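Chain lettering (A, B, C and D) follows the sequence in which the chains are written, and residue indices restart at 1 in each chain.
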């Protein structure tokens, strides 16, 4: 992944989130406080605006995006997405074209940091339930076809619906959360799906 | 929902400016932030910082001032503020004796404030925090998010603020704040929902004769929906929920807060207070201090919460110590 | 409309008891009346009595205390109290220096308070009264009822109260109160109506995107219905209505009150205040004092009113003199 | 009119007001603040409760009712109805069976006091617009048939609709008040109609 592709990733994520803002808010209204679309929209718009167009350092691009998300999203998703991109950026610092293996290692480091920050595990009906299986997939499968990655993200997202929420505001709904989609898992899917899109374009 | 506003995304910014213009002698805004700070800090004391999403006014800026907070950080409506903003607040109020953060127990608030604390520690500022979790509507369990922080937060502001004003150290202030939290329980009920500006929908729905008992201050669900009870029945119901964990017994002294959720006429709060006093008195419990008003709101949600703080001598003294803030003056 | 209450006809009684239980050190209730009186009267001063229908909380009991009112008389919801009740209040606060009644200009209030004044005069008590009529939405004409009294009443309480506290005579206090009235103008706008408990219907109706400009505090009609404007447009509109009669010019000083009608989130009031300050400042007018909050409400009506008091030195001094009451402490 | 009839008058007024409470409130909601039914209901219930069953002094009965109305109704109508019954009672003080002429003189005194208290004249769309014409009718016509009195009250009430309000809260509606009924005029009608009912029974 080149720096330009990383920038495109942020752009594409922002685009998908903007296009699905209402849906994200709607999901968060059902199981939360109804601001997830607004939060993510605000955050990714800021992340796009601050993009350093000149650097070829992938780490720098991603770290900049993370810092921006951290300082603009707020709520639960801000520190989590902020941490994800900042840690991924830290792992790829100085790299101009990391390969899929480096990206995978970066994902592991970033997702572990998110989990620590949120004191969350997979299976608690959060964005982790998309990030964690996708990262495991990257770690264990030979991802020759990037579409498989998107499918994995999609399948994980699908599964989240069946979980009972244990973390975040959705946890207040307890067993009533089963059968409903988690807003953060949905936005995580858009971010990962955006990654697949830009990586495929780069190929 | 009709609201007096310009663009939804300008609300917090314009509210903060409007606050400073209303109280120019008491507040100032840190440039390019959502942080309001006391115009003149009392010298040489532990700093107290609180904050959270907007939409809970007068929380949190209404508690800035003598004997309470030194700064308040505002997020977007119902959204925790970000770590960089909290960090700015910490830096602004630290006078070398350290800073206590008062956090309400929501995942977002906890994470953002924790990250700010880490940033401050990295710069050598001594930061501690307490997490308020007074809402009995939610189970407390280490496996889940745990109980929410609601109006009991104001008692924490007051007592921690008084301790800091009296010259206590950071660890003493923190210890006292933790004791307030341990002895504070709240529960609320909503009659009508609130709507996050720009979202286009109310946060939840209730039937024409329905209320939700145990509602959170962002419209999080409660314990049950019931038919609208009489004020007396409602007081009994709410009291039955908050009392058990406090293990109150005859002769105990408490502070009672009857808090409006934003759109509730004061009249209704006084009526609630009337019967709550009778119920407590009948149980042999002394209400040594009563606060009735809008202290921790949820935009235009209608309904009320009650908070009980079990007092001991020190808590009582600090609760009744002088304070001079916009929303809480003694 | 869901409300926290028991029987509608018990509301006022239970509210008054609830108030006394909340502020036992500040208030007492005259037995078998709807009169709340200061627990300890300041000695040897002119008494100040206000009151009116209930449903305007914190008016009027919220202004009882040091430097403001000595007693407040409550009628049923939106209904003037009766002469016998007002008479009891007068007797309770007279210390030989006479009593000033602050009446809002509604037919009912005027007649009931006038009758009470006559009863008091018959018993040899020196009583004067002023009639507050700050609401510019209604024409002032000697042939009709005239302008209504709304939130400007609080400025009258404050300044008359301060004058009385400073030892002024009844005629001096009255003269000053009359000057406040002369220099005070208000106007309000409603976004949602209120409903008198037990009546079963809201007092008026508004469309989904409609507001009423010039609304009274009981839901009396205003000047016009318009589409919901932005907060900035609304501030301009309201200011354009209150300004003319005050004949403000560059360099003048004013006090500004941004008052919520009951169900309006404080956030919206601060946003309104923000632009009002800018508008006044741009006109070269100095806002020497700002009050933002719920001072004179109309049950759960949503909306806001603005009040401008043109200051002179004496008015300013008395407005900023110390007061210690439930809803107005300086 | 005997004291017993005066008591019946209060009873019958209370009954008619109670039966039409909603209507009175409804009318006051349209042109006022929607409490007239509640106010009058509360006042007349209190007036009934305090009735002295033993006295034969008509003035005492009416004055007691007036005092009770004054201290229970509140609002604009309280001082007005209070004044009416108190003044009427004062005029008939000590009388055990005043005739129609005495009653008429009492009415004049009472209605004049009301007008003074309310700074109101006939034609301003208030209860005065029922009391004044009925009093004039009593003064000028030979009221042989009491039904004529009721008809006069009814006709006056009918006329009130066409007036523009100049006093009370309805005045805020200005020309929009034309065509709508005034709540106080309506309650005045019930009180006068009750008087006719009990006087006829006494005959």
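Definition applied: contacts are C-beta pairs under 8 Å (C-beta built on N, C-alpha and C of every residue); 3 or more make two chains touch, one makes a residue touch a chain.
Computed from a predicted structure; not experimentally measured.
From the C-alpha centre of subunit A to that of subunit D, how far is it in Å?
76
Rounded to a whole Å, what is the gap between the Cα centroids of subunit B and subunit D?
54
Roughly how many whole angstrom separate the Cα centroids of subunit A and subunit B?
32
So that we know how the chains sit together, what is the shape of their touch graph: line, ring, star, complete or other?
line
Run through the chains and report each pair that touches.
All chain pairs meeting the touch criterion are A-B, B-C, C-D.
In the complex formed with subunit B, which residues of subunit C make contact?
Spelled out, the residues of subunit C in touch with subunit B are 2-6, 11, 14-19, 21-23, 54-55, 57-58, 62, 191-192, 208-209, 211, 228, 230-232, 234, 258, 262-275, 277, 287, 290-292, 294, 297, 299-300, 302-304, 329.
Looking at the complex, which residues from subunit B come into contact with subunit A?
9, 53, 75-85, 106-108, 111-112, 114-115, 138, 143-145, 148, 196, 198-199, 201, 203, 216, 218-221
Which stretch or stretches of subunit A touch subunit B in the complex?
25-26, 29, 32-35, 38-39, 42, 70-80, 117-118, 166-169, 171-173, 176
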